[in-house]
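Input: structures, listed below.
Look at the two complexes coming up: chain A is in both, with chain B in one and chain C in the other.
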Partner chain A sequence: MSTNTAHTPQERPAHPARAARGKGRGRRFRLDRLGPLPWIGPAVALIVLVVLWPVYEMVRTSFLKISVSGFVRGSAGLDKYRQLFDDPDLGSVLLATVVWTVAVVTCTMVVSLALAQLFHQQFPGRRLTRWALIAPWAASVLMTAVAFRWMLDRTAGVLNTLMADLGLIDEPKDWLGDPSTAWPWMMAVAVFVSLPFTTYTLLAGLGTVPDEVYEAARVDGTGTWQTYRLITLPLLRPAFLVGVVINLINVFNSFPIIWAMTRGGPDSQTATTTVFMYQLKNNDIGQSAAMSVVNFALVVVLVVVFLWVSRWNKEEA
Partner chain B sequence: MNKRKLALSAACALGALVLTACGGGGGESGDGSVTLKLVAADYGDKASNSSNVYWKDVAKRFEDANPEIKVDVQVINWNEIDAQVKTMIQSGNMPDVLQTGGYADKVADDLLYKAEDVLSPETRQNLVDSFAQAGEVDGVQYGIPFVSSARVMFYNKEHFAKAGITAPPKTWDEVRQAAETLKKKVPGVTPYALPLGPEEAQGESLIWELGNGGGYTDAEGKYTIDSDANVETFQWLKTNLVEPGLTYANPATTDRKTAFADFAAGKVGMLNGHPSLLQMSKTGKVEYGVAPIPGKAGPLDSTLGVADWTMAFKDNGHQEEIKKFLDFAYSKENTLKFTTMYNLMPVTKDTLEETKASADDDMKLFYDLLPKARFYPLGDTSWDAVSAQIKQSGGTAVSDDPAKVLGELQKTAEEILADQ
Partner chain C sequence: MMSTHTTTTAGASPATVRPVGGKASPRRRSARAERRLRPRTLALAAVAWLLAITFLLPYVEMVITALRPAGELRDATYLPDEFVWSNFVNVWRDSNLADNLKVSLLVAGGSTVLVLLVALPAAYYTARIRFRGRKLFLLLVLVTQMFQPTSLLVGLYRQFYQLDMLNSVWTLILCNAAFNLAFAVWILTAYIGSIPVQLEEAAMIDGLSRFGALLRVTLPLAMPGVVTAVVFTFIAAWNEFVMGLTLSTLPESQPLTVGINNFIGNYSVQWNYLFAASVIAIVPVIVLFAFIERHVVSGLTAGSVK
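Entry: the complex of A and B
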């Protein structure tokens, strides 16, 4: 701006020394006073904007009455929470969420341990198979889930055609229509998309185990299984725990797989809390926000567990 | 002013510009002409038959006749239109005329002109009475019917002949008997297609409830979702069609479009369908027949009527211009063109007369039933939310305990009503 004489190029030749000195002193003074703020400022702003503000809005919304068109009709007090906890579906949805999370994470970890061991060996084509392992991770989760939905489709699905041709079933089965078959299939897809990340985490962990330890074990005459149980597993703990906790958070929050395959239906019988929250949005935004707050609290608990575990990792590993 | 402040204020100014750009749309331009914003749903399934083509043509002819009014046409597909209209309303960027599936929630927020304020008496009297009434909230008409459709029973003549069934069923018991025979004699075919999935559970449910003298509301408009008649209806469906395997294994997750596609592929014995299934069946080379919908004791003399709606928003204050446009859009020339373009049924008396006269036998049945059609409680401002809930959980009434499922729906409906 023209009023700012110190910074305009035309003025600079007149008092070059003073201008430069003044500018330098001013800047140092300001930076000193602000400390590290200019450096962490953007990050803080980002956190405030994309984390804290939405959280505030979410909590605020859960105390509001909102019309279908989105107009606020005043405060609802704790009504939305009361309605949510009175909802007969909530209990089964919470239970399903726990079963879903525990089952998917357990299967993922067990299969990944085996896969990591396999890919840790030297064999021809190892590089190629390691790349192939990334595929389910690289593909969009939604795309994978949609592909599985069509494979499992009652009339057009390739699975029904295959099983009927092999004489395994008499008539096409509606795999995703019945919760008792939909759950296992969705869990299988969730495990499928979680494997690459977990396997690579464990592979990295296996790489850090020093060869000397194995040599010493061999000299002492331990068997294969003993070596694995007494040496590999304990030394793999840091990588394993990171894998568990990140998967817990991921699987708990997993929305696209369930939404693409069953939309949580029939009713909410194949919904986790995340999907249930989205279903509630259809007729009551306030109640949906209340469910979000509950979900948020659960995620915070998981994060606290993560922090606690990573500290424990550092202290003892 | 230092550089950082300058950058900050520049960012603010830019932000403000963007915001005002989004919030604009008052529609008054410098030369005194008015621009009407028309938002409509897309009934087409490809670019060549998109409703955009129809509305652009209507807008052009209207502009030629009324040079002082411009019409800005925005056609949105069915999956997006609700969300986009919501965004428009919340950001204050309201349309002048909206053509979509429901209107009552907008009445609840006091956004609409009354029908009498934006239609000439002639245009208004030309609307079929039953539809005009369905557009009323507390006795005042806000929703202007646009097109309609009704349901009848479709059956596959080839499968019926193979099973030795000579006439389409008239009562529920006959439906069950026909379905049992079909299952035995024509294996691999779904005897009765019962789509109670989230796409349109509220439609199929109401059709069956009507057959037992039930429905969603009583004469005073109070919700009666868990009435004895309704519970009995779902109990019957559960024990007579679902449990013996005479329909889909999981009706609660089977959508209408699946049922229609199955029928058009010759994989279904009978189902309830609307006029678009006529064309689908012909394309699929299915020999079909149509019949009135069976009720518990005898065929229904009414049917489920579905209408889509036009409404006028008062936010921009373009009452006179909207009136001119709607009178033009509801002329026989335009409504006839639209209904024939998409195989839908008209809601204006003059067009109805003309299409009815030229209808073939299959379509005649639809036209005979249309004047007595029963509707969803559209005028109830809570219906949209209640309907969403029925879509989600209504279908489980044929797999779980009907009384419990309907009881919970009734409770939710009452809660939604209390929240209004």
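Entry: the complex of A and C
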């Protein structure tokens, strides 16, 4: 630890020009003349070309009349937005998206806090069990979702068989055919695939809490729960916030889970905005673009909130 | 995103980057814990092992189904009477799996190389030099991290449709690289920032150019960060689904994930083929993850928490 703290001053972006002496100074000036362009130019170009251009293209498409085969048939004005807001499914899809995001992120954070606390302890096989925890992160989300769909299959699904054998259900059920049971299962899968990243982020956060702090608490006779609430949780806040934000963005944009398990159906009854957008894309790309723009506006709101929170986090940390 | 954190809160927070070093003390503690197994430790271990098994179950079931004979596929049994390899043979013969595998390898490999080529200089410059527009650049990276391809699908589709670049491996390489760039820049900036600049200066006084110092002093020290960035990018591109689904419409130009999704028809699903293909797809990822497991925590510590 002590060597690390000694490094801290250099972690601030270095000022080689001021710090460098002799020969180094001359080199620095040659680099300066080139400026940042050759260094960061390619990165900026890639971002502009593949991330920012589609934003423009998406907004433009939402004002166009485009045939199914892709030909532009002139301007649609605000028609696509009017069509979208008149769609009887939109309200329930938006509501479902909010419920989905809030429920999945909340469950993920709570379970991850417990998991991180557990896997931070020392016990035999810690390395192996931690390794198993990574599995849902390493496998593609699509694959995990498909595996769950198969395990919930009405006739051959192993979860149906297991629950029937344990006496939890009388007969195998078509869990994904009915929105009221499909939602909880899909949320469970979303939590399942979000746990590894979140737990590892929190584990990293726990690792940065110096042992001395806990020793001091023990000397002072602080109880276990009190130590957790008064010491661990506050020190974990930066990691926790990173987890919340990344999960909010991921879960809000989540597509493969629902797409693989129900395709958003029946109709749009198990669709979030992203799935709804994809359902619309096949019939009317203009309306789909309008949905994307609305969706994107929500993402921008999330990003602004994040910037605001991270500033607040920084000031108080 | 986190790079803003990393550089600005470095002084304020007690946390510091521990690229590879800080491993010794937990290991010592674990040795001590293993010598005397108290009931509490045993209980912890039991819970952890149970959880670990639960986490692996869906993938175990995936392997079991891939090895199930076609005739037993719809039996409600936990294990088939016999395990067969025929699903692997048949799926390889009857589907576009070989093409999909090639596309996935090209896309994941290509985008990883591209990300490294683009992110490394950017991260080095951002970590070392306070240039005008540095904050703006970091904000751009942060915003990219937040904009996921899913929310831009329609825009991406229209853009590459108009460029006549649908069904192209290059399109998928560009897209995967662009959306994984932010993470690589963020983690590499954090790593390079944690390497004392004096080491480079010393090398430069000894006659190396700045570029030489970067290659021969900084890069080797930043290797854990580079490895983490490479593996994360490769796995993200390998597992990517939505862009492949949208930007590649021909079966032979689709990546593996989309190929797997194709086994889900409107009315029936070829489960045994689907999972045989999935097992094939998951092997490289397991190998890579086993390779970097110990870097994951230190990587996240460097990048996100500070």
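Note that in this section the second predicted complex is superposed on the first by the 278 of 317 C-alpha atoms of A that agree within 3 Å, B and C clash if a C-alpha of one lies under 4 Å from a C-alpha of the other, contacts with A are read in each partner's own complex, and residues count from 1 in each chain.
Please note the rule applied: a residue touches a chain if its C-beta (ideal position, glycine included) is under 8 Å from a C-beta of that chain, and two chains touch if they have at least 3 such contacts.
Just so it is clear, the structure is predicted and the values come from calculations on it, not from any experiment.
Asker: Is A:L203 touching anything from chain B or chain C once the two structures are fitted on A? First, second, both or neither.
Answerer: Once the two structures are laid over each other on A, A:L203 reaches chain C alone.
Asker: Of the partners chain B and chain C, which touch A:L302 in the superposed model: first, second, both, neither?
Answerer: After superposition on chain A, A:L302 lies in contact with chain C alone.
Asker: With both complexes overlaid on chain A, does A:A135 touch chain B (first), chain C (second), both or neither?
Answerer: Touch partner of A:A135: chain C, not chain B.
Asker: Which partner does A:R126 contact after superposing on A: first (chain B), second (chain C), both, neither?
Answerer: It touches chain C, and chain B stays clear.
Asker: Pick one for A:R237: touches chain B only (first), chain C only (second), both, or neither.
Answerer: Touch partners of A:R237: none, neither chain B nor chain C.
Asker: Given the touch rule stated above, what does A:Q269 touch, chain B (first), chain C (second), both, or neither?
Answerer: Once the two structures are laid over each other on A, A:Q269 reaches chain B alone.
Asker: Determine, under the contact definition given at the top, whether A:G70 touches first (chain B), second (chain C), both, or neither.
Answerer: both
Asker: For A:T155, select first, second, both or neither according to whether it touches chain B, chain C, the two together, or no partner.
Answerer: After superposing on A, A:T155 lies in contact with both chain B and chain C.
Asker: Is it chain B or chain C that touches the larger share of residues in chain A?
Answerer: Comparing touch counts on chain A for chain B and chain C gives C.
Asker: Name the residues of chain A shared by its contacts with chain B and its contacts with chain C.
Answerer: Residues 1, 3-4, 7, 70, 155 of chain A touch both chain B and chain C.
Asker: Any idea which chain B residues touch chain A in the complex?
Answerer: Chain B residues touching chain A: 1-3, 6, 86, 89-90, 105-106, 108-109, 111, 188, 197-198, 248-250, 252-254, 258, 262, 267, 384-386, 388-389, 392-393, 395-396, 399, 408, 412, 415-416, 419-420.
Asker: Under the definition above, what is the set of chain A residues touching chain B in their complex?
Answerer: My answer: residues 1, 3-4, 7, 65, 67-71, 73, 76, 83, 88, 155, 171, 173-174, 176-178, 262-263, 265-269, 279, 282-284.
Asker: Mind pulling up the chain A residues that touch chain C in the complex?
Answerer: The touching residues are 1, 3-5, 7-16, 19-24, 27-28, 31, 35-36, 38-40, 42-44, 46-47, 49-51, 53-61, 70, 115, 118-119, 121-126, 128-136, 138-144, 146-148, 150-151, 153, 155-158, 160-162, 172, 192, 200-201, 203-205, 207-208, 210-211, 238-239, 242, 249-250, 253-256, 259-260, 274, 277-278, 281, 285, 288-289, 292, 295-296, 299, 302-303, 306-307, 310, 314, 317.
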